[in-house]
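These are the structures, in structure tokens.
Each of the two complexes below includes subunit A, the first together with subunit B, the second together with subunit C.
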Partner chain A sequence: MNARSLTEDLKSFSFVLPALAIFAFFYIVPFFYTFWLALHQGTGVSQLTFVGLDNFKNIIGDGAWWSSVGRSFYISLWALTFQNLLALFLALAVDRAVRTGNIYRVIFFLLPILSEVIIGLLIRRILLPSPGVFNHFLEQIGLSAFVRDWLNDSRYALTTLAVTHCWRGFAWGFIILLAGLQTIPQQLYEAARIDGANAWQRFTKVTVPLLIPVICMVIILTILGTVQLIGLPMALTRGGPANATTLAVMKILNELRNYAGYASAQGIVLGLILVAISFSMMKISKRLNKV
Partner chain B sequence: MFSKRVISAFLFFFISLTLFSGCAPKEEGENIVVWHWMSDRQDAFQGLAEKYEQETGVKVKFEVFFPPDIYMQKIQAAAAARDLPDLFGILEGKKIFSDFIEAGYIANLKSEMEADNKAWLKRFIPITVAVNSFEEGNVYGTPEGIYAVPIDTMSMQFLYNTELLEKAGFNPGQPPQDWETFISMAKEIKEKLKVEGFVCGWGESWLIYTLVTNYAFNVMGEEKFIDTMAGKVPYTDPDWVKVFSLFQDMVDAGILAPGIVTLSNKEAEQMFSMNQAVFSFNGSWGMNTYAQMNPDLKYDTMLPPQLGDEHKIKIWAGAGSSFMVNPDSELKSGTIDFLKWFTAKDQQLTLMQETKNLPSVVLNRKEIPDFLGKFLKHMDQTTHQNLWPLNEHPRVVEAINVGVQKLLVGQKTPEQLAADVEKAKQNVSKNK
Partner chain C sequence: MYRFKKIASLILIHTFLISVALTCIAPFVWMINSSLKTNQEFFEDYGLKAPQSPQWQNYKVALTKGKLGTNFINSIVYTFVGVFSIVIISSLAGYGFSRLHFKGRDGFFYLFLAAMMIPVPAAFVPLYVLLKGVGLLNTRTGYILAMINVGLSLSIYLYKTFFDQLPKDLEDAARIDGCSRLRIWWHVIFPLAKPATGVVVIFNALNIWNEFVLALVIFSNRSLMPLQVGLYEFSSSSIGLTSYTVLMAGLTVAALPIIAIYLAMQKHIIKGITAGAMVG
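Then we have the complex of A and B:
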């Protein structure tokens, strides 16, 4: 390498340097700081004590933590099934009506634009037993048997949260799946039709196989988005009643105040779980594509 | 086209500016910077800052960060980076307070307070300073001192709607004094007027722990309560079961507002202010909501109804908002001068009138409006966790709060709750 090209390289690097400095300060340093903190005990304000892997060992036997992770995955299960099926159904419906599709896209995308907190507070107002707007509605339409304390009865609170989350979030999946559907060439459908394939066969033999990479991406995004959910439960139930809706990230936030090291370890464990799931999904997607 | 030299000079300037901007020393005449979380008081603070600038030429800049959780995260991050402002507050218990002191983030103001024959110290209601002090030989090992300056105070009491009491045929001047009367009165008024008997923001768990400790003083007395925290008395002791049973009494009587277990303090304040509940448990800060939501609300304060006569019940009071001085501040001396001015009588009167909070300084009773005076009753029966020789471990406090919530939704009995709390206590002791 001659002096001239080194100068050129340095000059080019200097253009990237400000962005790199900002990225390092806001992403790389906090990332490694979390790992460092996870090996310590303390509030983050006081003198931290090095405890090695003790925080990780304690996590293994922490029933409350694993319960909160379980709740996060329970909501993910709802999102993967109910939310994504709804998104797929609507995407298929809108894909047919290409000319009027944009208006539906706008309508369906209104919900995710609203913040989780606003949605949470709005739904809370409707579901609270006093004044009991939703329960009153159920009574009016003759469904008194379904009147419940949706937010304060621990048997229903988590499912209420899951349904609210699905209702708010289906539009992300809808937009991505719709985009995926519109990349499938129409000629394939025409060829299938000529070959005598009915609508169900066209869906299972043409649409689904070509949509698999998109579906896998939607699944990954759904799990990542749902497991990291925090604003909605904060506004809807505050994690209650009696921790029935305390999800994993909320648990980490609660721990952070008194046990910064332990909370960091929890964050790392949750991150590893999510990374493992994402890689598995990508592997599955690749394998299915080969088939 | 710019020449290479111009581009290089621009880049050098930009990078230097980025790297060194945070290291610039404060210049003389720069603002005293105050960080706080009290969004409702920002205008009043700013008004006083302008007045101070007119009087002394010193600029004070109040910067508000809301909500309090976010504020505390900012404070903790700034502390870790040793980038705290000249003046700030912290919103945690005494353990975190002592951690900040131990780390050298908070200045000891004892000598300033005691200078000139304790002139500054004598201004304050004693309990407001006590909650910000550490005694010699305290369990945290924090050096003796006064580490924060109270700018207001609070008390947490039972509130009752005088209008509803009267409508139901009770004398509004005679609220219930004992637990049994309270339960029966709340039940009767609920049935007669179709309103809720009792409301509180128990979705915010600290309001549960506060009431639990009030009744711990009442049922077992201070010594036994402290002994429990020290591990000498188990939470399965019959006195603790008795304390937890009070919540069961309320559930059994059906007087609790529906959804109380996830209600926020603000929602509970709104219900009480709209005449939807007869009794409530809240702090003096709630007056602002009551005044905004329903200026015609007629209410008064009372001690939580006593259970037995052996020990007096105690209410939490004293710790309102306080400011701490950054010992590394280059404007430390000016900051302390500002605090002295800020806590002088005139400024405290202004703050009291504009923010409707109890003053931290001693004022003539006539100078305090009636609506505030209600919360100054019973100040002879007050306590606060910052005054106790030790505090309960956060894991045990969490077990109490979650346990009471479980009791409220019918998942636990008082005995099971006591056993769960004791188990949490044992776990904490084992891991020490």
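Then we have the complex of A and C:
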């Protein structure tokens, strides 16, 4: 390579240099630094002692950690079933009632636009007792039997958090599924109808197969979004009562200041679980597409 | 008979849609209504009746004593500086990756792509230790740089794919006229990229404005915090824990501007956000 083309190369490279510099320091270095940190004990760059794989060994026997992971996946299960079914039903309904569809879209999307902290603190005030407006509402419509201390009773707090999360986030799945539904050509439904398919058959034989890539994407986004959830539980319950709503990422956050090494190891374990899930979902999606 | 069934199913569908829509709206109406009441009133009627006389001082208390005014201004600064920087840096990089030639170009681009694909659920852990190490913890600079990084991958991807579809004729004309690459980017490419810039601005503005966990980790000084962390701290302060209606005023201050902007530009915002989410 001659000198002229080298300077040309450098000039061109300078366009991506600012992005690369920031990316290197704030993404690439931290990414590899996590693995380094996970092999150490201590709080900062200068006070680290090498402990090998001790952090990972400790994670295996850390019951509190695995319970927090379990809670994250419990909420994911709610999101995968309840939230996504709600999203699917709403998308199907709006797809039917096209003319007014946009109003619903605008209203539903209000929730993801607002921050998790605003939603969390607002719902907290609505669900807390004395004065508890939600419980008051239940009494007014004759459902006094269902009045609960939603957030302070450890039997209900996690499910309350799960339902709040589902309600707050359903619009994502809704909008992606709706976009998917609207790409299905109307002629396919017509053809199926002429062949004598009823509504349920049209749904299972036309809609669902064509939606599978979209559904797989929604599932991946749901799991990634739910397992990494932190703002909403922090605002809604702060992990309480008695750690009943402490999720995996909150656990990591709690360890951060005093046990950065251990927190890194936990982060790696959680990240690996997520990568494994995403990859197997993509595999499943591909296989289903071939059929 | 067919007609009757159709109407019945339409009524059913709309009842379902309207009841879900109501759950999305009612809490915010209740929030605004409660924010204008005295605490006493709130205890008596659960915030359900209209305020006897609007308590505007709730807002004053939330903004001044509750320090949410400072946090609000911080959020505006972080969002504005962050989005502006992301637009400049990522459109330059997107142009570089799309049109210019240098060694390792595609490799670097895949690096950004990989960052979008790999979930890092606790990215704040190493970032915290590193920022502490270089003295950027609890600084505006540290937070803004971290937030620029969060937005880069997606924004570069959006710009690059946009530039890939642009015809090359305009640039060629400019190049023949003797324009430098930087001037071509500024005078020809960047103005043409308005649709991509729109998506990048909307997606990143909302992302930075609503960001919570990085700000929580980076800031310990209340007067540097953005609004979301400020609200979180405020909710557990002595005012937030006792004066429910002032807390509601604080939430309204944070929510209402976003709701207003959203309603004014909902078409673009929904498009921008879904474009971002689908790619990510």
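Methods note: the second predicted complex is superposed on the first by the 278 of 291 C-alpha atoms of A that agree within 3 Å, B and C clash if a C-alpha of one lies under 4 Å from a C-alpha of the other, contacts with A are read in each partner's own complex, and residues count from 1 in each chain.
Operating definition for what follows: a contact is a pair of C-beta atoms (placed from the backbone, for glycine too) under 8 Å apart; a residue touches a chain by one contact, two chains touch by 3 or more.
Treat the numbers as computed from the prediction; the structure is a model and nothing was measured.
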Three-chain arrangement built on subunit A, subunit B and subunit C clash or fit: clash
Superposition-derived comparison: subunit B or subunit C, residues of subunit A touched: C
Which of subunit B and subunit C A:Thr81 touches, first, second, both or neither: neither
Partner chain in contact with A:Gly240 - subunit B first, subunit C second, else both or neither: first
Contacts of A:Asn152 with subunit B and subunit C, given as first, second, both or neither: first
Touching partner for A:Ala263 - first (subunit B), second (subunit C), both, neither: second
First, second, both or neither for A:Glu116, with subunit B first and subunit C second: second
Subunit B versus subunit C as contact partner of A:Phe15, first or second or both or neither: both
Contacts on subunit A seen with subunit B and repeated with subunit C across the two complexes: 11, 15, 18, 44-46, 130, 238
Residues of subunit B touching subunit A in the complex: 4, 8, 11, 14-15, 18-19, 72, 76, 79-80, 92, 95-96, 99-100, 102-103, 105, 196, 203-204, 257-262, 264, 271, 276, 394, 402-403, 405-406, 408-409, 411
Footprint of subunit C on subunit A - complex, ascending: 9-13, 15-16, 18-20, 22-23, 25-31, 33-34, 37, 44-46, 86, 89-90, 93-94, 96-97, 100, 104-118, 121-126, 130-133, 136, 167, 172, 175-176, 179, 217, 221, 224, 227-228, 230-231, 234-235, 238, 248-249, 252-253, 256, 260, 263-264, 266-267, 270-271, 274-275, 278
Subunit A-facing residues of subunit C, complex: 9-10, 13-14, 16-17, 20-21, 23-25, 27-28, 30-31, 42-43, 46-48, 89-90, 92-93, 95-97, 100-103, 105, 108, 111-112, 115, 118-130, 132-133, 145-146, 148-149, 152-153, 156, 181, 185, 206, 209-210, 212-213, 216-217, 228-229, 231-232, 235-236, 244, 247-248, 251, 254-255, 258-259, 262-263, 266, 269-270, 273-274, 277-278
Subunit B contact footprint on subunit A (complex, rising order): 11, 14-15, 17-18, 21, 42-47, 128-130, 149, 151-154, 157, 237-238, 240-243, 257-258
